[in-house]
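Every chain is named by a letter (A, B, C, D and E) in the order it is written, and numbering of its residues begins at 1.
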């Protein structure tokens, strides 16, 4: 059976589980013929799946829920990432020691659907994001960590597994930095999960296929946790751009493994509810206006466990 | 003459609208050209000769009046390729060699390659430009360019020839020569020729009818019929008859001339 | 004459290299033009008249031989604005009105606005184009455009005038008129004029010296000095002396002509 | 793949759409062929023809989107876009000011001017022509994807870096066209200038620049749309949270496609108006060019 | 100028004998010097602490400013080293090789350029001839160009992907979309630029529209065409690079730029930029070379 998966971002260790499952033949063993489509800054996975370009996509829950409200009936079928890796990284010399110090500072934020947790955090802190003196100045951060290195921003968004290490690799010492993990701030949202279109789940054959897929993928994640360095190499082999470096991917793999640790693919509905709560607290412009119905389904993971 | 009329203009007027007011280029022109006629237009610079030729050729539309060419509207006649036109300026295409400039109308009218080659050679020879086939227009002198444009018009061998000062940039010897050849061609192929010139002897020598025009508004002030035989030679230019006609043309010209002081 | 020589050419040759072989445009030309001369070049189409004028004007470089203008290299003379040039084609700038075309050299040479206005008016009047100041070149007839280019050259009032068939597209009346005016101007302002024409009477009437040329390679085959008084009138065209000179020119032309059959 | 099987229009529906299209097309063709004596009517017609064409396009778009039931996240219908547009005017205005007035216009002016000046320098100085022009060509295709992040690095997040990107994008079209245009003057026209012993500057100002104008205006027109695209795309790579590019990329991520298209509509209107103004100036400056003197008939 | 070059027919060999080598070398040298100098102040934010730590001094300032791992402006030799490593050290068919990515981008550039030229010329021909089109189409073509391609490219890719079009073509289509416009603009003007007298001549022959087009309008438009083609081929390259992003940025200069940028590999970005610039000027030069050839064949004055 042919399955196409659309990733959220470019080929990197963040998606090691899928590449490993592919390379180690886990998909083939399950009778699947999987195509992995790398993503990028210009690719909105919900749009791709809606256009028929993929059967299953990797997306973050805030973006998936927002899409759902816009009429893309995405349903979470599995959640390989148990924890959130998102954080705000600041230079110590800006004088920031706690979230309250953000007032009047310039913060780099990722947009394109990744800004929701941040907005909801700021609204909890009571900080306006329109650049006024009693709030914070928000920059749409590009792809990299340069704004922090060049002191164009006081803080930037980073992932534990990627951008943070780029800052370190650029020669900034960890002791010169202060980080705010979203998890610690109580505004964590669920990250990389697997989503499909709702009506497809009515087809039992599709559910079975997805069950096989998730199972094989989770096997891939397990393997990646056991052999992090080999998994990083597999990712590198799949990088058609030749741009990734081994060192960085190995570091990333280790950090990613911390996030997938203990997940068998099943979604923790309590965590999902927390995500919804966070998003609903989004201040004047909440990301989602009402509690979503049927935005996640255990059908696939239940089926998987029967296998 | 019982010949069919090739050009028939009735109360023809043409006004150019320009930013600073209208220019009356033609005013109530009446003209009949019969089949086989050789008609010369003569008149002061800017009197509307070119404009009249352009109206006949359907390159300009009259503002008033009627005109027919071969009994048709000028538009239809043009579509039927009723005429060949030699412009006042050479209008050669700079990216084509001389021979390919002459070939242009032949290509458009679908002549075979062999036929084209033959016509090009014959007509370039006629205007004494053998050896310049492969040159580009800018490599030719002004007179040579003009001769190319004559060869180009003759190459299609049209029944009606409209020629706007074709020999203006040529020396006397070549001019006499080409005058005779044109006359010979006209006699042999029974063409109708409408010819603009500034040379009174040329007009008198060549024409069956001389149309004298005067400017602003451009109108016809005299039409003189000459009665020389078709096979006239350059010698007739010494005859009293010739000088009489020439005198009448000159008088007409002078009289219609605005250049008075 | 003890006058200084304005143009002095010695064994001047010019060959154009073209893709299909060289064209020998000028060959061993020797020529002296004295201050105050009115020299006409006459010769068959393509014999090198324009080319010679262009060499004098430093628009073309001789391949061999020497030439000086006002005792300088042509290049220096040009920079010193030694001459005014009327091209064979009008060469008007389409984005300028008639008056601004005439104004062009005046602007470049730094005349005041008042001076410009006066000269434009005077010279457009001279060529009988009053009332066309605000028109654009394409709104004028061929002859009118040529007259604009004459007015443009005369407006700067140069000491040396190079004129390439300036009256070619004009009718006899205007031509006679302008001939006289040119002569009058030349007599009054003691200009030196180098003039190309195809009209033998015009050459004889205007010139102090007539240079007869023959083509391929272009060379001078005769230089005829005329002895008419400076204040000659059109009447002299009937005198035997005039006819004699004209005959000699015509014979020279005919003899040098390649158009033989 | 049609996920939305809710509304499956029949063949008659599509036939109807086609017929409608054909009818409007024929009508429009007839209208534009109509010759009128009165200039007012002619002007009216000149406005009506593209308008009718546009309305037809929009109508078809609406019918296809609604008829096929194409989901909003792929392509919103014109009616949805319009609804979004009129409710988001303040946002659109702020974005327009940030992107068009602060980035596009200055960038377009500086970039075009720079290309023009380098062309003049190359022209005036043969050494530069051979040394600088090949290097100028290196600017030809500096990919915005690579340049934009660097410009953000150099000039900061705000409009300054967008101006820099636009300058880089608009430089080359002007360079090429100006260099070509400066060669466009005819040989005889140049000889005339030589015969006046005219200085380089005189020849440039009075002959070669006027003759180059059709080319220069081509570059200005091409640059007008390039500048807009450049400024918008540059905002994808870092910006304060205002601007057309910012809004578009953000809303794409949020699947707010109606807002994306509202911004695109603003961009299209602004861009077309910009282009239109340039075309008007062109007509006034190069009125003498044969393309404006084409014969009325035929 | 003492360096006056002798005019000769353009040829591949002649291009070097043309005398442009020396001027280019001199200007390149100037650029390099300015570049090195500029790198010092531009990298100051990053280098200042390091210089201070190393004890200051000119020697430290220079060596540190010109060897930062993630500089604001890398020194020329840093870029050259990266270029050397990715062009000459790696086999050209490996993803690590810059040549491989150049080829990926070049192929979609060329296809996009050809498609764009055909579309651009086709539209111009239609616009010049059909009045209804010139009035109704032109405003919409202009409007189409104001649509930020990067915004709709993903949708285009999705739509094309769903009808089975993947690989080279979608990228080329984006490239085409961007580069047809200069061709249209240039050719609409160029095809309308023959002298009225030259058009009148065709009228007297009652030439068909196609004949007028082919024998008059087309040759008269060539200067405009070539100016447009130079712009178009450069834009086609930009388009191809932009088009690589929404297709997953898997290979090509665009992917290289994006990833370089994403992982903060400044040298890699600059190397890719230099590669793109060299590629584009090569392409532009090629168009110019053909232009000179054509001009000569069409009797242009040397």
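Definition applied: a contact is a pair of C-beta atoms (placed from the backbone, for glycine too) under 8 Å apart; a residue touches a chain by one contact, two chains touch by 3 or more.
Going by UniProt, the chains are B, C = ABC transporter ATP-binding protein; D, E = ABC transporter permease.
Quick caveat, the model's predicted, so the values are computed rather than measured.
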Along the shortest chain of touching chains, how many steps lie between subunit A and subunit B?
2
Label-sorted list of chains bordering both subunit C and subunit E (ABC transporter permease) is B, D
Winner on C-beta contact pairs when B-E is weighed against A-D:
A-D
From the C-alpha centre of subunit D (ABC transporter permease) to that of subunit E (ABC transporter permease), how far is it in Å?
18
Roughly how many whole angstrom separate the Cα centroids of subunit C and subunit D (ABC transporter permease)?
51
Would you kindly tell me how far, in whole Å, the mean C-alpha position of subunit E (ABC transporter permease) lies from that of subunit A?
36
Averaging over Cα atoms per chain, report the distance between subunit B and subunit C in Å.
27
Going through subunit D (ABC transporter permease) residue by residue, note those that touch at least 2 other chains and give them in order.
1, 74, 149, 153, 187, 236-237, 249, 252, 289, 293, 295
Per-residue overlap in subunit C, given as positions that touch at least 2 other chains
89, 138
Check each residue of subunit E (ABC transporter permease) and list the ones that touch at least two other chains.
72, 150, 154-155, 158-159, 162, 195-196, 200, 203, 245, 258, 261, 301
Taking the complex as given, what residues does subunit D (ABC transporter permease) use to touch subunit E (ABC transporter permease)?
1, 28-29, 31-33, 46, 49-50, 52-54, 57, 74-75, 125-128, 130-132, 134-135, 137-147, 149-150, 153-154, 169, 172-173, 176-177, 180-181, 183-184, 187, 214-215, 218-219, 221-222, 225-226, 228-229, 232-233, 236-237, 244-245, 248-249, 252, 260, 264, 267-272, 275, 289-291, 293-295, 298
If we count contacts the way the header does, which residues on subunit E (ABC transporter permease) are in touch with subunit D (ABC transporter permease) in the complex?
1, 3-5, 18-20, 22-24, 26-28, 31, 42, 72-73, 131-132, 135-140, 142-152, 154-155, 158-159, 162, 178, 181-182, 185-186, 189, 192-196, 199-200, 203, 223-224, 226-228, 230-231, 234-235, 237-238, 241-242, 245, 253-254, 257-258, 261, 269, 272-273, 276-281, 283-285, 301
Give the list of subunit B residues in touch with subunit C in this complex.
16, 18-20, 23, 42-46, 49-51, 88-89, 128, 134-135, 139-144, 147, 165, 168-175, 177, 198-200, 250, 253-254, 257-259
Which positions of subunit C touch subunit D (ABC transporter permease) when the two form their complex?
54, 57-59, 78-81, 83-85, 87, 89, 91, 93-95, 104-105, 107-109, 136, 138, 156
Touching residues on subunit E (ABC transporter permease), where the partner in the complex is subunit A
45-46, 50, 69-70, 72, 94-97, 100-101, 150, 153-155, 158-159, 161-162, 245-246, 248-251, 255-256, 258-265, 268
